[in-house]
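The structures come next, written out as C-alpha cells.
Look at the two complexes coming up: chain A is in both, with chain B in one and chain C in the other.
Let's turn to the complex of A and B:
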C-alpha cells in the first residue's frame, strides 16, 4: 500500500539502515504483541510455574486452568452467555436505529439537519460515568437493575451515536447519481433505499456491526454497576480471580483469553475492515470539516 | 407556459415534502432513542447534583441547591482529580500522536511485513480495557514476576512497586493507556501517509529539501487534518477512561491515579454519596463538552 510513497522518500540506504528499520519494527511488534502472547503462555502454566524467577518460557503445559474456568467452581460460561446476550441485542438494536438515521443525515434534505447532526455528535461525547448515576437511580426505582433490558438500553448510549456517524461516512461514499436514477424510475424512496442504496453499503454495515459488537463486549463500567447475579458480563467476571489474599494468575490469564477470544478472532479476521473503519472518519474528516 | 412552470414547481414542492417526511420517518426512532437514553438521564443527573443523596445517610436526603458544588471548591481530592484528569489526558494524547506518527513514518519505509505489524497493532485495540488493566497489573507490572520488573532487574535498575508507589503508579497508568491506544493513531496516520501523492516529494528533492524539511513543510501540513481528528478522538477516549485504571490501581494508591472519572465513581458507588458523585459527573461533562467544543473550533479554523 505504501510502495509509491516509500520510493518517494529518498534513495534506499544500505544494509545497516534496513537492519535498523527491521530492528525498530521488531521491537514495536514485541511491545504490542508481547503482553497478549505472555498472557496466552501464562494460561497454560501451573500457578507455581507462573511465580518462578526468572520467568519460565519452557514448561510443561497444562489445561487445568481452562478446565477450571470452564467447568470449575469459578466457571465463566454463564458470564460469556451474559456478554453474548447483552452485546448481541445491543448491536441489533443499534443497527436498526442507526442505519436509517445515518442515511437521512447523509443524503436527505430536511429542516434542522445540522442541528440533528450536531445533537448526535454531542451525545457521543457524554462520559459514561456521567450517565451511570442517573441510570442506576432510575433502574433501581423501576426494578431494572441486573436485567438484560436495562443493560441493553444503556449500551445504546455509546453505541448508537458512534454507529450513526460511522454509517454516515459510508453513505456519503455512494455516488448521488445512483439514487437519482432509481428515483427517476419511480421506485419509491423506501424501495430505493432497500434495493439500491443498502447493497452499496454492505461493507460499511459489516464494519459498523463489528465495532458496535466489540465495544459492547468490552464494556465494563455499566456492567459492573448495573449487573448482578443474573446479568454479569465476562468483563466483570475477570475479578473473580483476584482477591485481597491471592491473585490466581494462571486462571486469570485463562479466563481473560477465553473472554477475549471472540474479540481477538473478530479483530484478526476483520483486520482490514477495522483499519478502514478506524481511518474512514479521519481520512474523510479533512473534507467534511 | 407559466402554467407548466407552476406545475413543475408544485411537483418539486411535493417531492421536497415527500423527502422531508421520509427523512423524518428514518430519523425519528434514533432521535427518540437518543433522547430517552442520553438526554433524559443527563437532565436527571443535573437534578440529582442539586440534591443531598447519600445512601449511607438516607434520612438527610433532600434538595440542597448548589451545596454540592460549593463543597467541591474546598475539596482537595476534587482538585487533585481534576489536575490528574488534565495530566492524564494531555500526556496520553501527546504520547499517542508523537509515538504513533514516528512509528508510522518508520513503518512506511519498510517495504515488506507491514501486514504483520498491522495485526500486532490491532491486538491492543480490540482488547477490553479492563482486561488490559488486569494484564498489566499482574503479568507486566507486578513486582518480581511482571515483565517490566524482570527487565528492570536484569538491567540493574532494581525491582519497583510500579503500581504501589504514588508517582510510579501515575506513570504506569499513563503507559497502559498509551500502550493500548497508540496503535489507533499509528494505523490512522499510516493509512493517511500512504495516500500522499509521491510527486510532491519528487519536486522537493529536486529543490534539495532535506528529510526533516520535507517532513515539516510537506508531510505535516498534508496530514494535519488527520492529526487533528486523531487528537479529538483520542481526547474523548482519555476523558472517559475508566476500566483500565480501575483494574490496575482502582484509583490508588490513595488517590494517586484518581482521575475525575474514578473519583465520581468511588464517591457514588463506594461511598454511596450519589448526590456529590452526580455533581462531580456534571463537572466532568462540562469539561468534556468544553474541550470538544474547543477542538471542533480549532478544526474548523484550519
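Let's turn to the complex of A and C:
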C-alpha cells in the first residue's frame, strides 16, 4: 500500500525531495529505535558490562538475565500471565460494550445524544493520576483491591470511553442509505448491524481492539497502586528490579524485552487490518471525496 | 397488467422542525403505473418517496398500499424495494451477494436464491459481473446492480430516487429507455423521483409536479406540458421552458411591447396577465411583437434564438435561420391557440384557452381536459 503511494509520489517530488524524506524518516526511526536497541543489547550483558565506562560495544553475550527473569527467583512469567488476564478481559469487555454503544451514538436519535457524546469525550480529559485515590477508596470499600475483577473494572473506566469515541467515527463513515437499504431488504436493526454494518467496520474494530489491549498492557500507574501480590502486571514487576540499594539494569532490560514481545507481535499481525478502504467505491463518489 | 401495487396517500403532512416539507399531500397511484414525482430540490418529492418506503415518519395523514394502512409499518413490512441515488450497495459483498441479500433475509432456500439472482442479473445485463465487488464496477454497472437487488424479490412497489443522476449524459439516455422497458416487462408499480423534467416526461405514464412541499399538478406528462396549471409549472416544464411575459389583456387580444395579438380567451375586462408561449410556438414574421436578436444557440439541427422583447428575455426554438444575425430586430407572432394566460397575482392559469374554432365534440370527448 504505502509502497505504491511512495512510488507514485516519487517522480513528481524529484530525487532531492525523496532523499530528504528518507533522511527525515531515518532520523525519526533512529530516535525511536535507539533505546530499544540499547535495551536489547543490555539484556545480553552482565551487570558488570552494563556499568562499564566507557560503554562496551563489544562484549561477551550472556543469556543469564533471561534465564533469571524466566526461571529464576524473580521470574516475571506470573506477571506476564497477570498482564495477559487483565488486558484480555479489559479488552474483551470494552469491545463488547463499545461497539454497540458507538453504533448507537453514531446512528440512533435519542434525547441528550450530544450530552452523552460529550461526556464520553470528557472522561478522556481527566488526568488519570487525579483518579487514583478515589479509585483506591472505592475498590477498598467493595473489596476490589488486588483482584482481577477490580483491576479490570478500573481499566474499563478509561478504555471504554476511548474505544467508543474511536468507533463512533468508523460507524459515522458508513452512509445512512446503506442501512436504509438493508432495512428495506427486511434485515431489521440487528441483522443490519450484523450483516451490513459490522463487516464494514472490521478494520476499525481491529484497530480499536489493539489500542485498548496495548493501553491495558502498558498501564503502570493504576497497576502499581491498585494491584498487589495477587495481581501484579509485568510493568509493575519490572519496576521491582529498581530498588533503593541497586538497579538490576540487565534483568530489567531482559524483562522489558519479554514484555514488549507481544506488543510487537500484535503490531506486525494487525498491520494489514489498519489499512482502511474496504468501503471505497460502494457509494458513488465515495472514492473521490 | 398486475393488480397489486396501488398506492394512496391521504393528507400526508411532514415537518422537519419548523420547516414543513409536505403540506397535506393527497395522491393516488394506479397498479402497474410508472409514476414520476417531479420538482426542484426541496420541493418534497424525495420526502414523499421516503414516506412511501417507511424511512420517514409522517406528522399527519395516512399511507395505504393495496388498501392496507401502512402508515406506521416498518420499511421491511411494506414489500417495497428502493434504488437509492447513491445505490447503497454493500461494499463488502460481491454483486451476487448484494442481489441475494433481500432473499436471504426472508429465508429463501439457497437453490432458489441462485436462480433468482441469475435471472435478475440477466435482466439488467450484469450476469457476467456476479463475482465482482461494487468497488470494481463502473457507475452504470453499480446502478444496474442496485436495480437487480430491487427487482430480485418481486416487490409490489419500486421506489427509485433519482436513479440516473449519477450517470453521464449518454448513459443516462440509454438507461432511461431500458428502465422504461424493464418496468413494462415486470409490470410493477414504480414511483420515480427526479428533478429532470425531460426524464419525467419520457419515462412516466403519469407524473406529479411538486413545488415547495405541495403537489401543484398531476396528470399525463403530455397534458401537463400542454396545460400547465400555473406559472411555476409552466416555467419548469419544457426544454427550454415556456416564455413568461408580463402583458395586458383586453378584447381577446394581448398587448405586449406595443403590439397586439389575438389569443383564444373568454372575453373579459381589461386586465394585466402573464402570457406564456412555448419557445417552439413562436414564429418570426413580418409583423407582430418587435424583438431584438440577442444571441443564437446553435444545436445543430435547430437553434434556440434569444430575443430581447422590451427588456424581457424570450427564447424561440426553431429550424436554422441563416438570415438572422445578432442585434437585428424582427417580429414575433404565435398561434392564438398556443397562448397560455396566467394570473400575475396568484400565478394560476386563467380560464383555459377555448377549444379551437368550433369543435365542441373534441371538448366533450375529453372531459376535464381542454383540447387545443
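The rule is simple: the second predicted complex is superposed on the first by the 240 of 289 C-alpha atoms of A that agree within 3 Å, B and C clash if a C-alpha of one lies under 4 Å from a C-alpha of the other, contacts with A are read in each partner's own complex, and residues count from 1 in each chain.
Everything that follows uses one rule, which is that a residue touches a chain if its C-beta (ideal position, glycine included) is under 8 Å from a C-beta of that chain, and two chains touch if they have at least 3 such contacts.
Keep in mind that what you see is a predicted model, and the values were worked out from it rather than measured.
Participant: Pick one for A:125: touches chain B only (first), chain C only (second), both, or neither.
Facilitator: In the superposition, A:125 contacts chain B only.
Participant: Which partner chains sit in contact with A:191 here, chain B, chain C, both or neither? Use first/second/both/neither.
Facilitator: Only chain C is touched by A:191; chain B is not.
Participant: Comparing chain B against chain C, which has contacts with more of the residues in chain A?
Facilitator: The larger set of chain A residues in touch belongs to B.
Participant: Once the shared chain is lined up, is A:199 touching chain B (first), chain C (second), both, or neither of them?
Facilitator: It touches chain C, and chain B stays clear.
Participant: Taking the superposition on A as described, I'd like to know which of chain B and chain C A:178 touches: first, second, both or neither.
Facilitator: second
Participant: Using the superposition on chain A described above, determine whether A:104 touches chain B (first), chain C (second), both, or neither.
Facilitator: first
Participant: Is A:221 touching the first partner chain B, the second partner chain C, both, or neither of them?
Facilitator: It touches chain B, and chain C stays clear.
Participant: I'd like to know which partner A:156 touches here: chain B for first, chain C for second, both or neither.
Facilitator: Once the two structures are laid over each other on A, A:156 reaches chain B alone.
Participant: Per the definitions at the top, what is the overlap between the chain A residues touching chain B and those touching chain C?
Facilitator: Residues 278-279, 281-283, 285, which sit in both footprints.
Participant: List the residues on chain A that touch chain B in their complex, please.
Facilitator: Against chain B, chain A makes touches at 1-10, 21-22, 24-25, 28-29, 31-36, 38-39, 42, 50-51, 53-55, 96-98, 100-101, 103-105, 108-111, 116, 119-120, 122-138, 153-154, 156-157, 160-161, 164, 189-190, 214, 217-221, 225, 235, 238, 242, 247, 249, 252-253, 256, 259-260, 263-264, 266-268, 271, 274-275, 278-279, 281-283, 285-286, 289.
Participant: For the complex, give me every residue of chain A touching chain C.
Facilitator: The touching residues are 175, 177-178, 180-188, 191, 195-196, 199-200, 278-285, 287.
Participant: What part of chain C is in contact with chain A in the complex they form?
Facilitator: For this pair, the touching residues of chain C are 53-55, 74-76, 80-82, 84-92, 101-102, 105-106, 134-136, 139, 142, 149, 166.
Participant: Please give the residue numbers of chain B that touch chain A in the complex, ascending.
Facilitator: Residues of chain B touching chain A: 16, 18-20, 22-27, 29-31, 33-34, 37-39, 41-42, 44-45, 48, 103, 106-111, 113-114, 116-132, 134-136, 138-140, 144-145, 147, 150, 179, 183-184, 187-188, 190-196, 198-202, 205, 211, 224-226, 228-230, 233, 236, 239-240, 242-243, 246-247, 260-261, 264-265, 268-269, 274, 277-278, 281-282, 284-285, 288-289, 292, 299-300.
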